[in-house]
Amino acid sequence: MTTTRFQELIARNEVAHSQRRRITNAVMLTLTGLLTLLALIPLFWIVGYVIYRGGSTINLAFFTQLSRPLGMAGGGVLFSIEGTAVITILACLFAIPPGVLAAFYVARNPNTPLGVALRFGTDVLAGVPSIVMGLFIYVILVVPTKHYSAWAGGLALAILMLPTIIRTTEEMLKLVPHTLREGSLGLGAPEWKTSLSVMFPAALNGIITGFLLAIARSVGETAPLLFTALGNEQYDVGKIVQGGIQTHQSLFMIIGRIVNQPVDSLPLTLWKYAQQPYPERIDQSWGVALVLMIFVLLIEIAARLWVESRKRALQG
Amino acid sequence: MKKISVPRENHWLARFQRSTHHGDVLWSGLIILASLLVLALVIAIGWMLWQQSADARVKLGWGFILPTSNATWDPLSGVFQSWAFIYSTLMTSLLAILLAVPISVGIAIFLAELCPPSLRLPLNWMIELLAAIPSVVYGLWGIFVFLPKVVVPIGEGLAILGQVPVLNSFFTGPIPLSGSSRLAAAMILTIMIIPTIAAITRDVLLAIPNSQREAAMGLGSTRWEMIWQVLLPYGLSGMLGAIILGLGRALGETMAVTMVIGNSLEATNSLLKPGSTMASLLANQFKEAVSQLHTDAMIEIGLTLFVITLILNLIARFLVWQVARRTPQEARA
Amino acid sequence: MSKFLRSFVFVTIAFSFLLAACGTVATPAATTAPAMTQASGATAIPASTATPTPLAPGSVTLNGSGSTFQAPAESEYAFAFPLVDPAVAINYQGTGSGAGKKAIIDGTVDFAGTDAILTADETTSGKDLQMYPFLAGATVMTYNIPELDPKGPALILDGNTLVGIYNATITKWNDPAIAALNPQIASKLPAKPITVAHRSDGSGTTAIFTAALTSFSTAWTAGSGTTINWPADKAGNGVGGNGNQGVTVAVQNTPESIGYVEYAYAVSNKLPFAQMVNKAGQTVSASPDSTKAAMADFANAFTPQLTATIVNGSGAGSWPIAGYTYIIIHQTSMTDCVKASKLVEYINWILTSPVATNRAQALGYVPMPSAVQQLALAKLAQVTCNSQPVMTH
């Protein structure tokens, strides 16, 4: 095989600069790898340490009991787990319907004034510090209604979830092939039927992933709850339901009692416990951190696995 | 066989269906309503902050947010100047960006360009999981592990810079032995925003057409030259967007910062001293404002944060537009 | 077709749930108390007799927030009181006295805990607030000086050195003023800068502490109240902690630091705390006895609002930084009479039950002398709900 004149020139040029350039190349490329490793150190450090400290405090009582008085060992964080569940469910109920509907609008009309405004508004909302949501709900709800409550906390988290829900839903709706929509409309189905029965199911997988990611983010949030949910170490859904049944209250009233009082959530409990000087509380805060982390990471991983499997299914 | 029942012409249901275009009027009304609701929410947040801080804005004037050499925050005598908190917020966030950007870009390059395919998925996941860890967990780990083990030694080393003429006011030591300081907040923020910036930058790099890479390699550049001279300039607009997103996250982060910054109301410049950011001050003092003016001043801090995010969003949009407009010309030149 | 309907119905249900949730908000009283509330107002039956059926366990939650000074006691009560009255759950959040006062003025809680006395403005804007002193406690100076032997003699301070430390005019542990007070350990005091820990939230402990500083020396010019503009912060050696617990943690984690915390926190966490030279020139240690001595110095100092300041007492055995901790409730404007009667029952139990006082004493608090107890009970008897007296026996 003969080398061409051109190749020779390139080779010579390469030789002239090669030493410095090759070294730069090697050094910088290695550096990027090292930086990646550097960034992973905190991940393993945090996860490892939380498992190490939290693992030793977790037992059955941790999940099934309310808190004990300060300075007394034992007890659990059932109140906090229940509170998290109640707040999260409320946040989903408040955020998902308007979020999905708004996404339908913006996916269909991205360039109308309202569409442009909505996208900008969503961006702003995504950037607003979460503690400001807490301020907002405190001023417009907690003060006028004169009490802290689970649903005020849920509403604050719902505002936090809205941008994620709108954006992912919009993206997913846009990915649905035009032909599907046009086919449905061509067959005489009205727009709403097309949206709900053709577009929505087709985009459902992606949308649910978006929901999951939004939930994972909101479950770990503390700041908006400081001024809205307050905290409640005596929160016991089981007792409320049982008491409600005993005194023949309506379902509506029992639900009202569940959502209409202050509650704790896992990150809020963690924050309060971590600031206690009592060693039992600090230990428990590591336990709470472990539960919270497992919960969030599981949702996150589930969402990603779902996406991956869908991708594979679509490609294969 | 099932009969399809068609309502008669003037049956109420038929009239209703016709008048609403078979429900479409209702549907579009519903989605417009939802959109307006979301939009109204954003406006309501801004409006509430503006309205509720009206008294504070009138009484405290611009001195509330303008830089002063000796900012005072004294709820007892009703003197409120928030410069110390604005300074801490900007200082910690900018330092975090400064530290996070090179690391994140390095990670993004590694993930997008160099990583062996078998490692790519797990590494991507791990970087993104870093973003999913709740901020209180960062705070907890910060107090008990990161501050004493990492921040304190670094802070003690940096205190030497306190002797250097120009830098001395930024590095006046010693760092508290617990590590609670602006430096600690900045370092925790760095860890927290790396995944955000890295993930977006990676996506930006992956979106660059292969023709760019082939052209650069074809002209004889090394891999690094291809990345440094072609890919990074090409993806600049997206990366700026990523940085601004990271900055936004750093500015508004509350819990992790509150747990490590030391919550002091002091007004020194030093990185090695405790301070309060705007968000951490809100977390600490909002619920217990001692006077109406104190509450209003707090809400004005919230307003300041809100306005900063608004401006950042506008800048991000402008930059994206500007860079997108300029890049092709430069590439041609 | 049915599928579309189902999804539509789903959305509708979700929306109606949203509305339903909002609906419960409009009538908060209705959800927390059975329909009795209205009836008791209309038919003029005293509230506590207007509840013919026993309430379900945990059906009344009394929400309180405020002072972290009393939080350990409240957390004991929250555990013990439901054993007395199973219908009641006590939810007390230690958010700081400042937050507690603001919450009861805004009406966002049923009762507030505070160690700071309501200011004139707060009394005006709160309208019918009444303070009930129920425990007293000492505020102690806890310190973290690794050079000192934890089993050796404790650090001794006096009013002036304390003011100096918090004014940042005394900045090193081996300052002559401190060394002169501590001849036994003077050689061990390190030449290291003092980190001064204080509360970052609005705090009644801060109010008690700064009232004492003001009383110790005219050099203290930062005033007294729940939130202070700390001179030590200006000097760059202050660090804030959230709550009594936050200060405790700050001191534990910061070598060469000093901070003020409530006695119960110091005892239950086995923190070292300084002895003080009091007004009579005696070196005293914080304890329930020295707190009682301080209370005795000011036995007749109670205002009609049932408040008293007990810092820097003149008795030989008086601890100079002590204070009462209070519960604040609305005296006449409560509208949920079931809640009101339970709240009165709770405060009555705190003041009079041996179970409650024993538990508090075990934590290092001092219960009220019976004279003050009687004053408080008399005020409690005046609580009304919808213009009807709440207490019937």
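Letters are used for the chains, namely A, B and C, taken in the order the chains are written, and counting of residues starts over at 1 for each.
Rule of thumb we're sticking to: a residue touches a chain if its C-beta (ideal position, glycine included) is under 8 Å from a C-beta of that chain, and two chains touch if they have at least 3 such contacts.
Just so you know, these numbers come straight off a predicted model, no measurement behind them.
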item: By count of C-beta pairs in contact, the leading pair of chains; value: A-B
item: From chain B, the most remote chain by mean C-alpha position; value: C
item: Chain A and chain B, separation of their C-alpha mean positions in angstrom; value: 16
item: Centroid spacing, where centroids are CA-atom means, of chain A and chain C in whole angstrom; value: 36
item: Where chain A touches two or more other chains, by residue; value: 97, 101, 193
item: Junction residues of chain B - those touching two or more other chains; value: 143, 287
item: Sites on chain C at which at least two other chains make contact; value: 241-242, 246, 249
item: Residue ranges of chain C in contact with chain A within the complex; value: 3-4, 7-8, 11, 14-15, 17-18, 20-21, 24-25, 28, 30-32, 34, 53, 55-59, 61, 63, 65, 71-72, 75-76, 78-79, 82, 89-91, 93, 106-109, 241-246, 248-249, 252, 265, 268-269, 271, 363
item: Residue numbers on chain B that touch chain C, as the complex places them; value: 70, 72-77, 79, 143, 148, 172, 174, 176-178, 180, 258, 262-268, 270, 273-274, 276, 284-285, 287-291, 294-295
item: Chain C residues within the chain B interface of the complex; value: 95-103, 119, 121, 193, 195, 200-202, 222-223, 225-230, 233-236, 238-242, 246, 249-250, 253-257
item: Residues of chain A that touch chain C when the two form their complex; value: 67-71, 90, 93-94, 96-97, 101, 141-143, 145-149, 151, 193, 196-197, 200, 230-236, 239-240, 242-244, 246-247, 252-253, 255-257, 259-262, 272, 275-278
item: For the chain A and chain B complex, residues of the former touching the latter; value: 10, 13-14, 21-22, 24-25, 28-29, 31-36, 38-40, 42-43, 45-47, 49-50, 97-102, 104-106, 108, 114-115, 117-118, 120-125, 127-133, 135-136, 138-140, 159, 162, 166, 190-193, 195, 216-217, 219-223, 226-227, 267, 270-271, 274, 285-286, 289, 292-293, 296-297, 300-301, 304, 308
